[in-house]
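What follows is a single structure, and I will ask about it in a moment.
Labels run A, B, C and D following the written order; every chain starts at residue 1.
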Amino acid sequence: MAELVGLAEGVASLVRDGDTVALEGFTHLIPVRAGQEIIRQGRRDLTLVRMTPDIVYDQLIGAGCARRLVFSWGGNPGVGSLHRMRDAVQNGWPAPLELEEHSHAGMANRYVAGASGLPFAVLRGYAGTDLVAHTTSLATVTCPFTGEVLTAVPALRPDVTVIHAQRADREGNVQLWGLTGVQKEAVLAASRSLVTVEEVVDELEPLPDAVVLPGWVVTAVAVVPGGARPSYAQGYYDRDNRAYLEWDAVSRDRDTFSAWLSENVLVA
Amino acid sequence: MTYTAEEMMTVTAARALAGRTSCFVGIGLPSTAANLARRLHAPGLVLIYESGAIGAKPSRLPLSIGDGELAETADAVVTVPEVFNYWLQPGRIDVGFLSAAQLDRFGNLNTTTIGADYRNPVVRLPGAGGAPEIAASCREVFLMLRHSRRAFVERVDFVTSVGYGDGPGHRERLGLRGRGPVLLVTDIGVLEPDPASCELTLTKIHPGRTAAEARAATGWELAVSGTLAETEPPTDEELDVLRRLVKGSEP
Amino acid sequence: MAELVGLAEGVASLVRDGDTVALEGFTHLIPVRAGQEIIRQGRRDLTLVRMTPDIVYDQLIGAGCARRLVFSWGGNPGVGSLHRMRDAVQNGWPAPLELEEHSHAGMANRYVAGASGLPFAVLRGYAGTDLVAHTTSLATVTCPFTGEVLTAVPALRPDVTVIHAQRADREGNVQLWGLTGVQKEAVLAASRSLVTVEEVVDELEPLPDAVVLPGWVVTAVAVVPGGARPSYAQGYYDRDNRAYLEWDAVSRDRDTFSAWLSENVLVA
Amino acid sequence: MTYTAEEMMTVTAARALAGRTSCFVGIGLPSTAANLARRLHAPGLVLIYESGAIGAKPSRLPLSIGDGELAETADAVVTVPEVFNYWLQPGRIDVGFLSAAQLDRFGNLNTTTIGADYRNPVVRLPGAGGAPEIAASCREVFLMLRHSRRAFVERVDFVTSVGYGDGPGHRERLGLRGRGPVLLVTDIGVLEPDPASCELTLTKIHPGRTAAEARAATGWELAVSGTLAETEPPTDEELDVLRRLVKGSEP
């Protein structure tokens, strides 16, 4: 059964320097507060995995937590680029950032393989693109029945996956609903998992389009109301679109970013 | 009624969705065009967002592909792996909408890096997202991009998504099942692939624009159709519905 | 959009002699009435596909509709053997029945591959079993990243898949809930699909653990109340366990079966 | 209290579930044993049914693995592909319960055909179902089968599910990740694999039964542990709870 912990305690015990860490949540339920706690605790040399690195990954990269980024789309949705990510890739500030770059279909299937206990997944993808030349974690596999050549991607097996969900019960069973993205796969693919939730309830009333992760496959649950802001938590709060727009200015300049980080994350 | 170049682009793309069943939508102009089509001539058009909303019917333009209203109005909400594996990959979806930072005469797209060296780019772009498989697997691909020599290049710096590759037969050799880009809507006109050469060719010009402008804003020797037609300007109804849609969607 | 049809009309237009036909429903929502309509219309030489052939497949086999059976577990759940299936396999009555036999994991993954537009699926399975020697639709595939050898199974692509669901709306969107088995994959893997439903409603109110198949991926919907009896339809009726027990006696003897068939299926 | 051989089997299997987190359950005696364990010493035991019920808590014994109550009481309901791919295959499940028509000294199981010729069997059995992957992937496998020379054979006619194959090291060579059968409960006693030879060895005898009976009902030269222990008879509480469970489950 998952242990109910405080956020600082959960991050301290589950996320270690050098770990491969996946924070998932596809535009919805992004575990922003947990990511900022990782910054606060000064983790280093992380391999950060996420299909859609956005604001909180820009913060993690700008704060120097990451050595490598495994991703398929890195940007500020509806706004533009991630300036801290760009600065790290183009200028190596504050540290060089290796990129392992896939398509969404490839990343999703890498999580599926990890959750399924398989070393790889097969898909129709990448053929003819320059990703084939630049992404080392790609190969081909031949169908033993038809001879057709398809693309293979290796399983993703994070040391720890962090997600945010609407709620959990006291046994640590976790319930999320709405757009649930790739979170179930990301948790099941990982060795350890930390789930931040809006609230803990006595009973998880079944809901439409809900995914339940039983407590026995989750390592720890931390109650963090608003833990997904500025993204949204269906049924709890909406997306703060202004914050996404404002991030563009904050993140453009190193000093502005560093000041923002000290005031809003490091001291908090 | 007067209208902007962007409105001309959106209306042109929306018109092209007539008769299509399903459309894989991103955010921005494509989403506006698809939602406009649903309000005009294609009320039954099925909108599929990579975030997992199948058959979304947003009342306002989503601000992100994961906008909560997409899930709340969808016929079915599925996981991200399912969208790509069960819905996109088998070629169930009629039209995929894409844009890019760069494209070439064969409709190959770059959303990854600007500059000769991938490891040391001049500009780092967001990356592939769902585009490579949308370009590969949708039955047809529609492109929307403003005309400029910076974007319409002889050779893209990085092939993120394949159009017609290096020309006729290349998609077949790669085993790509969709037909590829059949339409490119720009602020100057409409380009369609030449049936023989697969080269994007100017086939329609928007009212008040000229082929010369298009040539000047294209980084390769732009082919122009011998039977260059003029795009119908947006009707008052089209503009009215579009403007109400955009206005009603402001934060 | 799926067409609303009568059951007889739907079977007549979608199920043809010699077709590969999958009737799915994992103990719940078994499309029994549709299967009996296939018998009534005298279909022949069918390749019948189903993970768990039970009573209705025993009837289809005993009625001589099937040439081949692709399956993973054939029995009368909680009761015993399928006597008509046994008679066909052991004595070729009323016609010889070829068997293509897999495990549940293999069959489920074959449907997944079919639904995904892939020629095959990869799993950990079958290793060391005699299925490897006797099931031709099995092969191995080597992981291009780890060198590990895994099992490959070919995609299932039925000509037509038939399922039973609780309800549909007037656009032919189909909703089923409870144990939803492999029905979504079976429908998406097929060229054509027929869905029988308990009722048609104006609005499909979202429900927990519900699967919705949009009308544009379903060929036809037929209203058949009680269409899953003697299996159950959650929210509509329970499993008729007596019928499963009684089937044992009915099916044991050829004449008893033939009489039952004429009285209960052929004339109906 | 007096008790039947079947009750002795069920109670013995239920006791063996102490300390386990999760159990992949079929129908019949295994389901009875697992549900009994939940009512006695293992209230938190997670029951997983191949029909898609994860963490089912049936109030009565399910009549089929797809009994509606399984979904209604489960922590999570998933599809059949997901049960096998996300839950069983990765080895998340502690105990898999299996039975068979035939088994051999290495716990290999036959549920496919009786007779030398697969194509022309003497008896056609139901087939594999979930058993091969349960036997391969669960961390441990428990077997339940009444003792008889017909069932306990020198060589199974068809290997549907692998126990220890042909002996030590075979599971490793096959890449099977679970430990294999660690317990076989019969109506006469309990067999466990010899640590060196992997051969199922009589380690416990039920009260009133003898090793000679077990030998006589075994189709191979049955090994008997030098320290043969006697099974604790069912306690009154165990019998009382078991009988109420069974009675409350009659149709």
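Quick note on the criterion: contacts are C-beta pairs under 8 Å (C-beta built on N, C-alpha and C of every residue); 3 or more make two chains touch, one makes a residue touch a chain.
Predicted model only: the values in this text are computed from it and were never measured.
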Which pair, B-C or A-B, has more C-beta contacts?
A-B
B-C, C-D or A-B checked against A-D; over half of contact pairs coincide for B-C
With chain centres taken as the means of their Cα atoms, state the distance from subunit B to subunit C in Å.
40
Mean-CA-position distance for subunit D and subunit C (Å):
28
Shared-interface residues of subunit D (touching two or more other chains) are 85, 89, 137, 177
What are the residues of subunit C that contact at least two other chains?
117-118, 123-124, 148, 184-185, 209
Listed by label, touching pairs are A-B, A-C, A-D, B-C, C-D
Partner subunit B, residues of subunit A touching it in the complex
26-28, 51-52, 71-75, 77-78, 81, 85-86, 89-90, 101-105, 108-109, 111-112, 123-131, 134, 148-149, 178-182, 184-185, 209, 232, 234, 238-239, 241-242
The subunit B residues in contact with subunit C across the complex are 21-22, 44, 46, 54-55, 75-76, 85-86, 89-92, 137, 177
Touching residues on subunit A, where the partner in the complex is subunit C
117-124, 137, 139-141, 143-146, 148, 150, 152, 154, 206-210
Show which residues of subunit B lie in contact with subunit A when the two form their complex.
27-28, 50-53, 63-68, 70-72, 77, 79-81, 84-85, 88-89, 112, 118, 120-133, 136-137, 158-162, 165, 170-171, 174-177, 251
Name, in rising order, each residue of subunit A that touches subunit D in their complex.
1, 115-118, 173, 184-185, 188, 211-214, 216-217
